[in-house]
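In what follows, structures are represented as structure tokens.
Here come two complexes built around subunit A, the first alongside subunit B, the second alongside subunit C.
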Partner chain A sequence: MNLEKLAKLGIGIGFRERFRADIFLNQDLIDFLEITTDHYLDANPQKKDELKLLKAHFPLISHSLELSLGSAEGIDEEYLEKVAELVEFVNPQWFSDHICFTKSGGVKIGHLAPVPYTKEAIKVFVRNISKVKQRVKTPLILENITYLVNFPSSEMSEAAFIKTILDETDCGLLLDVTNLYINSRNFGFDWRKFLDEIPLERVVQLHFVGSHKHGKRLIDAHANKTEAEIWNVFAEVAKRCDIKGAILERDENFPPFTEILEEIKTAHCLMKNANIGEFSAV
Partner chain B sequence: MSLQKQQNLLAKLYTDAEFRRAFLSEPAKIGAENDLSESEIAEIADIMPEELNFFAESLFWKRLREVEKFLPFTKKALGEDFTNNFREFSRFFNPQTIKKHFEDALGFAEFLQKKPIEPVWAKDLAKFERLRLIFNSGAKKIVFARFNFDIRKIIENISRNDFDLQNDFPRKKTYALWIKSGIRSKLFIR
Partner chain C sequence: MEILIDNPLATMYGPYFLIFFGFVIFFAIIILALVKTQFDKTNNLPIPAIPPNIDPYEIAYLRGGTNEVARSVVFSLLQKGFIEIDNIATPAVVKKTFNQQDTRNLNPIEQLTLGWLGYSREPKEFFGKTGLVEQLNVYGNSYQGRLEQQQMLTSEEDRTALNPVKWTVYLLILGLGGYKTLAAIAHGNYNIIFLVILTVAGLLIARTVAKMPRITKLGKIYLERLQTAFDNLKYTSQANYIQSFRANNAPQTTFAGVDPLLLSVGVFGSGILAGTVFSGYNDAFKKAQQQSAAGGSSCGSGCGSCSAGGSSCSSGDGGGGSSCGGGCGGCGGGD
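Coming up: the complex of A and B.
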């Protein structure tokens, strides 16, 4: 995949219904939107109209949750077909899902679950991603997740695992800088070393939002303002990568929209200071 | 241990609290009952129980938060009992469709109809929110229902946060009718 040819989209937000009025009022400050693919699958007429409206006014990227690319039992073909049809309609620069599994043996886990970092798991990802790429020609990028379970059976580091999958599947990376920061805090590693190990030339897009403290751990609740430590990760990545876009992901504890706009402005500043060129909408 | 076998077991451990408790207290016995060899049992048992429980709990809370968004009035009326009942419900219900949170909310509102909950009028509230979700999903153009309490008064007071859990709303048979015509929809309560 020739990632360099992808257009630079700029800074945007993950679309949530609650933001609808505000994003149209502030259209000049939001470069693009990321829609959650699953919200528009088997959609009612209102959701279909909403998607048409968004598409008419913003560049869109679609982000799905349930491809379950790490499932050893394979891809759910019915779900893949629905995702493919939506991606064809949205016609985004790229689309994304996660490095995880979400179902197995008839049980839907309901969220993104980590896989052990093994050669067998890499083969599973390669096989499943190949199937997705046969059906969808739009470039696929993969997101790193937070994990709360560590597998003693892992044969390599998370960074080495991600690098191998990206290399073998020729996919881009959706680097969630919040997830990276959270994992580094929960499991005591240096996020800079993680960046040293992954193929930075494959980073296409970023996700960012604040972390959330739950007991002794940090979790990705998408409920807080981005904190300074995460901005530091963002800034470092922006310096080292030719990023095409970054999305603020806010799902809970919604603040006044002015706070969202402040975060978008900060992200813009960090991008500009990184001298990676001006962004332009498609 | 094959990844397939491991994922099948992990999915069950993450989503079934009783199975998780049983496995963590007696891994050899429960592992053998699930056709795992000694080395396979050891591989799963090597995962820190604290990590396993924390992740499983985080899944439960994420699921709960989403259902609360679909049933906000019922959540207000039940408070902590909403969480307690949802925990019981989530033990046996695993949504299978793309709209998993929606499916959870419909299933949970139905589950509450069979439970002895307090305040008792919260059953009508859950029923109202369930039917509203079904109507708004576009699945039906007409939805009709009968309630045992004055559902209009309950909705109005809950919306304004003007209710007292100690004081029941008066019992009064009321009827709600949702109708969709073209792009317009209307709710009648009588």
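Coming up: the complex of A and C.
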């Protein structure tokens, strides 16, 4: 996949219904939108109209949740067909899903579950991704997730696991800098070393949002303003990669839209001027 | 000349003629309706994009003409605290408040309205011959021209294009009905009441059907699109005004400088104010005319817009203060 040829989309937000009016009033500050594919599969007429409306005003990227690329049982073909049809309609530069599994025995497990970093798991991803790529010709990019445990059965690091999958499937990376930061804090590793290990030339898009403190851990609740430490990860990645787009993912605890726009402006600055200095923590 | 009163049509048995005439009227009106819908092919045109610096007054004009602009501008002045409505007085009175500073920040439509208001006016005066609507026609004409250019409003030219078909149908109904009436009288048959009723009813129905809608199919699609885009604004913009009285506070603004509640009124009408602190406004104005008879001179210049446009720095809803003016060097977003 020739990732360099993908258009630069800029900075956008994950579309949520409650942002709709504000998004239209601030079109000139939002470069593109990421829609959650699953919200538009089997959509009612209102959602179909909404999708047409969004498509008429913004470049769109579709981001699905349930391809379950890590499921040993294989891809749900009915779901894949629906995703493919939606991707054809949206006609995005690329589409994305996660490096995880979300279905087991055909049953949705309701969250993005990590897999042990083994050669066997890599084979499963390669097989499933090849099936997806046979059906959908639009470039597929894969997102790193957060996890709560390190599997003892893992045979390699997360970074090595991601690198092997990307190399073997020729996919791009949707690097969620918040997830990377959260994992690095929860498991005490250096996110810079993680960046050294992954194929940075494959980073196509970023996700960012603030982390959320839950007891001693950080979690990705998509409910907080992006903090200085995460902006630092963003800035470092922006410096080292030719990013095509970055999306602010906010799903909870919605602030005034001006705060969202401020974050978008900050991300714009970091994309444009990757030499900006370190952010200071509060 | 005998042929004129002695032919199958003239001598046709009355009830049979009424059935025949009814069919003629029915099919003539169907053809008229079909031709009329064929005139408006604007639904095949690309739908205009929603501009970021949207003008609520222009949307109000599209929805309901100059009357709706008047309603929106009065609401805007009320929300900004320049006027108030005395609903205790009978009839209700719209009057200026003591807060008349900073009128320079008002846009031209709002300034004109405030000037016209003088000290106080009754709501019905707004829509009368020397009323506000008349004053606002200068802006209305400009909106009309622009929206006609975008083919969202029916132009006078489009309206007259239907005239040949329309008049043919009128003449057919009137001619056939009139001829049979004269023929009946010539035969000494004066029982023509049903024939006259059918002729008049046919003409009235044809006249109604021949009326070109003010908004084109494209205009309707665009309005629906706006209503989809700003649907949630209808609720979020109201919320601040339901719990506490904030009519004299500065209106909430979005980053783009468009007041969300005013935009909601423009897009959905003043009905959305029911249940808010502005419901008194709605009560005072609800009896006013819905339709505007704004004519259409084609003038492309923009009218005063309530949107500030350009500046991307304003305070957010409920105190999410934003830092202004920082170029790339000013990214302090990390704190």
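Definition applied: the second predicted complex is superposed on the first by the 272 of 282 C-alpha atoms of A that agree within 3 Å, B and C clash if a C-alpha of one lies under 4 Å from a C-alpha of the other, contacts with A are read in each partner's own complex, and residues count from 1 in each chain.
Here, a contact is a pair of C-beta atoms (placed from the backbone, for glycine too) under 8 Å apart; a residue touches a chain by one contact, two chains touch by 3 or more.
Please read all numbers here as calculations on a predicted model, not as lab measurements.
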{"item": "Simultaneous placement of subunit C and subunit B on subunit A, clash or fit", "value": "fit"}
{"item": "First (subunit B), second (subunit C), both or neither touched by A:R217", "value": "first"}
{"item": "First (subunit B), second (subunit C), both or neither touched by A:G188", "value": "neither"}
{"item": "First, second, both or neither for A:A113, with subunit B first and subunit C second", "value": "first"}
{"item": "Subunit B versus subunit C as contact partner of A:D42, first or second or both or neither", "value": "first"}
{"item": "Contacts of A:S153 with subunit B and subunit C, given as first, second, both or neither", "value": "first"}
{"item": "Subunit C versus subunit B - closest C-alpha approach in the superposed model, Å", "value": "8"}
{"item": "Overlap of subunit C and subunit B interfaces on subunit A (superposed complexes)", "value": "46"}
{"item": "Of all residues in subunit B, those that touch subunit A in their complex", "value": "1-4, 6-8, 10-12, 14-15, 43, 46-48, 51-52, 54-55, 58-59, 62-63, 65, 94-100, 136-139"}
{"item": "Contact footprint of subunit A on subunit C as seen in their complex", "value": "47, 49-50, 52, 54, 225, 228-233, 236, 254-256, 258, 260, 263, 312, 314-323, 328, 330-331, 333-335"}
{"item": "Touch list for subunit A against partner subunit C, complex", "value": "17-18, 20-22, 24-29, 46, 49-50, 53, 56-57, 226-228, 231-232, 255-259, 261-263, 265-266, 268-270, 272-273, 276, 279-282"}
{"item": "Residue ranges of subunit A touching subunit B (in the complex, touch as defined)", "value": "38, 41-42, 44-46, 66, 71-73, 79, 82, 101, 103-105, 107-111, 113, 115-116, 118, 120-121, 124, 147-153, 214-215, 217, 219, 252"}
